[in-house]
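Labels for the chains are A, B and C, by order of writing; each one numbers its residues from 1.
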Amino acid sequence: MSGSVPAPATPMDARAPLDPATRWRLGLAGLVGFLALWWAVAASGLVPKAFMPSPVDVARQFARLLQEPFAGHTLQTHLLSSIGRYLMGFGLAVAVGLPLGLLMGWFRTLDAIVTPLFEGLRYVAPIAWVPFAALWFGTGIGGPTLIIFAGAFPPCVINAYRGARQVEPYLIEAARMLGLSNARMIVQVLLPAAVPSIIAGVRVSAGLGWQSLVGAELIVASSGVGYLMVKGQASISTAIVMSGMVAIGVVGLLIDVGVRQIESAVNRRRGKG
Amino acid sequence: MSDIVFTNVARNFRRDGKEFPALRDINLSVRDKEFLAIVGPSGCGKTTCLRMAAGLEFPTSGTVAVGGVRVTRPGPDRAVVFQQFALFPWKTVAENIGFGLVANGVAAAERARRVADVLKLMNLAGYESAFPHQLSGGMQQRVAIARAYVLDPQVLLMDEPFGALDAQTRVVMQEELVRLARVNPRTVLFITHAVEEAVYLADRVVVMSRRPGTIREIIDVASVRAADSWDRFEKIEDVMDQASFVHLRTHIWRLLREQQAPDDH
Amino acid sequence: MSRRTVVGIATLLAVAGLWYLLTAATGWVGSARFPNPAEFGTAVKQIVTGGYAGARIHEHVLQSCKLVAMGFLVAVSVGLPLGLLMGWNRRAEALINPVFLIIRPIPPLAWIPLAIVWLGLGDGAKIMVIFFAAFVPSVINTHAGIRNIEPFLIEAARMLGVRGPRFVFGVLLPAAAPLIFTGLRLSLQASWTTLVAAELVGALLGLGYVLNAAAQDIFPAMILTGMVFVALSGAASTWLLGRLEQRVTRWRTA
């Protein structure tokens, strides 16, 4: 019954929710304060403009990058090439990782074989694959794809595996009683039951893949937003570097929002929304 | 004097932007060293009454005073025993019990003595260095009661303390609490939805009505207990067998039944 | 020994056998693509005894570990109090959160060019990059840890008269410790990833620099050696953090 009575705004627990108006006001104040501080540092002239452009300078540079090519292409074209690579690597990670995870969840022997390999490779930072990626697949699309794959693959496998392992035993027994084959068991019982865990994994993996892409492009690419930033860095244009960061952040955010939408749509359909 | 006095207390709560009255016209005083139980249907605001005495919530109008002082914040003079035990899982039994003393600057030697005393009183000796998750629910609630007792509070506020325990453990704890009340009487405000528990433990039982919560009736159990000398029995089932007990219990049941909404079971 | 352990060991042996078979025995995978076991051994020996890329392995490892430790510590000593503040105080959260939400989607590695423009190729730039990488998970998890503390624990502490530093260090932090450590593990992992990337982009010492030099020299055996040492260093630091966590949260397993 105490659940229906909200705690009053007492000094005891400062975690009590604020009313929306106060929250918006404070949030706006924080944002304005941040931009003002940034602008003040830039305008004070203590730091040369090349190193500390104002928010307005960055916005202008961003607009210019959309129209004039820099490092070979306009910002949109760089972004498209980044997104293309990303989809390749991420798609590959999902396409290989999910089935592998499900199979590991069903066949104990496969689990025992793959897990030690996985443990061994776990501590190799995805970015450490850069030299081999470049050596084996070049710097066009293959090399970066391998690096994105290295970043995005583990969460796919781990969550599909966990999802499959967490299927209620009675579901499996019921399916056994119906005489399902291994293949049907995996596709029609494990997969649907593992979907929430899989989607959570795909979300993590989508984020890590995007991060790895940025790293790959900083080091081994000849186009893409990461490449644009490296070129901006080389010509000591902080405004270009920051524009690249903004573009990367926005796309990363859109990816996350997209996957979240799918996640909540699936959860709603399953009656867990 | 350590009494608890509710004067014209009302409390509203807010849901979906609208204000609802949760409690109305609460005038009640728990006398010094009295054991008072509040029973009522769920949602009647009985826990809110206790939380207002504890200083964890505040009335919308009216006042709550303990020992003549208006309650404005929580403090060790009004020890609370929570339904969820609320032990600190990273502290041992002894550390949990001693935490309030540490916080109030009691010197180490005296602290050790008081913790040892209350450990013995609550039959917890030997469990000093156990962590809460290693104990059963009943033992955890013993620790929580010990943690409240060791502070030597003016009043004890117990919010459905046995609600999370299984039936057998519950009975044992009820008997322990009666024993404790005889050895070491305190002013106790006890919230429960179990009628038999209230009649067995309390000197007076307050029956509350459904939302908005008001006081329906106050039943004097102490005089019946004395007249029929329930204290001669050690076991709860013997007390519950007495015609006087059955009579009181049935009376309270009827009062509660009148409060029942059609959607309740 | 369980069946699982046997299969695990057999797998690792099989992988070693396969490696030997594909490289040294048959030559199907040439040395220019992936080293054979002997070449790998030589490369390890070279970097351990003679040195490679300007220094011996322990110097590279120490340099990388030093930078990770510094960046991680700076990030945690800012991130943990900030997460605590935002988790505990809704007003502070409302004020800081929008700014944090802007910074959060920027991948750690995307700070590398900015760090280089601002601070050059020295240690400062790497510490800055690690800071931004490790900062976010420690804030988020501390925030979540504080926010998830059961209200009745807070109330119990208040009722006992616990306040001030004792409330923060005796109640809030221990209650949030499990999630805080989750954050620290993620922070540490992010620290290693970004350090390696930052050293790949530009450095004169460190494991990432070994990888970079080996890539320039087209020296696959040394690339593999670099990766192995990156993994070992990452695993060792994760193990250390795990030990610390065990000590601090002993009550969970006792």
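One rule holds for everything that comes next: a residue touches a chain if its C-beta (ideal position, glycine included) is under 8 Å from a C-beta of that chain, and two chains touch if they have at least 3 such contacts.
Remember, predicted model here, so these are calculated numbers, not experimental data.
S.K.: Pick the pair with more C-beta contacts: B-C or A-C?
M.R.: Higher C-beta contact count between the two pairs: A-C.
S.K.: Taking mean CA positions as centres, which chain lies farthest from chain A?
M.R.: B
S.K.: Using mean C-alpha positions as chain centres, tell me how far chain A is from chain B in Å, no decimals.
M.R.: The mean C-alpha positions of chain A and chain B differ by 51 Å.
S.K.: Just curious, how far off is chain C from chain B if you go by their C-alpha centres, in Å?
M.R.: Going by mean C-alpha positions, chain B sits 50 Å from chain C.
S.K.: Measuring from the mean C-alpha position of chain A to the mean C-alpha position of chain C, what distance in angstrom results?
M.R.: 18
S.K.: Provide the list of chain A residues touching at least two other chains, using ranges where the numbers run on.
M.R.: 7, 12
S.K.: Residues touching two or more other chains, restricted to chain C: which are they?
M.R.: Residues 155, 158 of chain C touch two or more partner chains.
S.K.: Give me the residues of chain B that touch two or more other chains.
M.R.: Residues 56, 73-74 of chain B each touch two or more of the other chains.
S.K.: Name, in rising order, each residue of chain A that touches chain C in their complex.
M.R.: 7, 12-18, 22-23, 26-31, 33-34, 51, 108-109, 112-117, 120-121, 123-132, 134-136, 210-212, 214-215, 218-219, 226, 229-230, 232-233, 236, 238, 241-242, 244-245, 248-250, 252-253, 256
S.K.: In the complex, go through chain C and note every residue touching chain B.
M.R.: 150, 152-153, 155-163, 166, 170-171, 174-175, 177, 249, 251-252, 254
S.K.: Give the list of chain B residues in touch with chain C in this complex.
M.R.: The contact residues of chain B facing chain C are 54, 56, 73-76, 78-80, 82, 84, 86-92, 99-100, 102-104, 131, 133-134, 147, 151.
S.K.: Within the complex, which stretch of chain C touches chain A?
M.R.: Interface residues on the chain C side: 3-4, 7-9, 11-12, 15, 33-34, 87-91, 94-99, 102, 105-114, 116-118, 146-147, 151, 154-155, 158, 189, 192-193, 196-197, 200-201, 208, 211-212, 214-215, 218, 220, 223, 226-227, 230-232, 234-235, 238.
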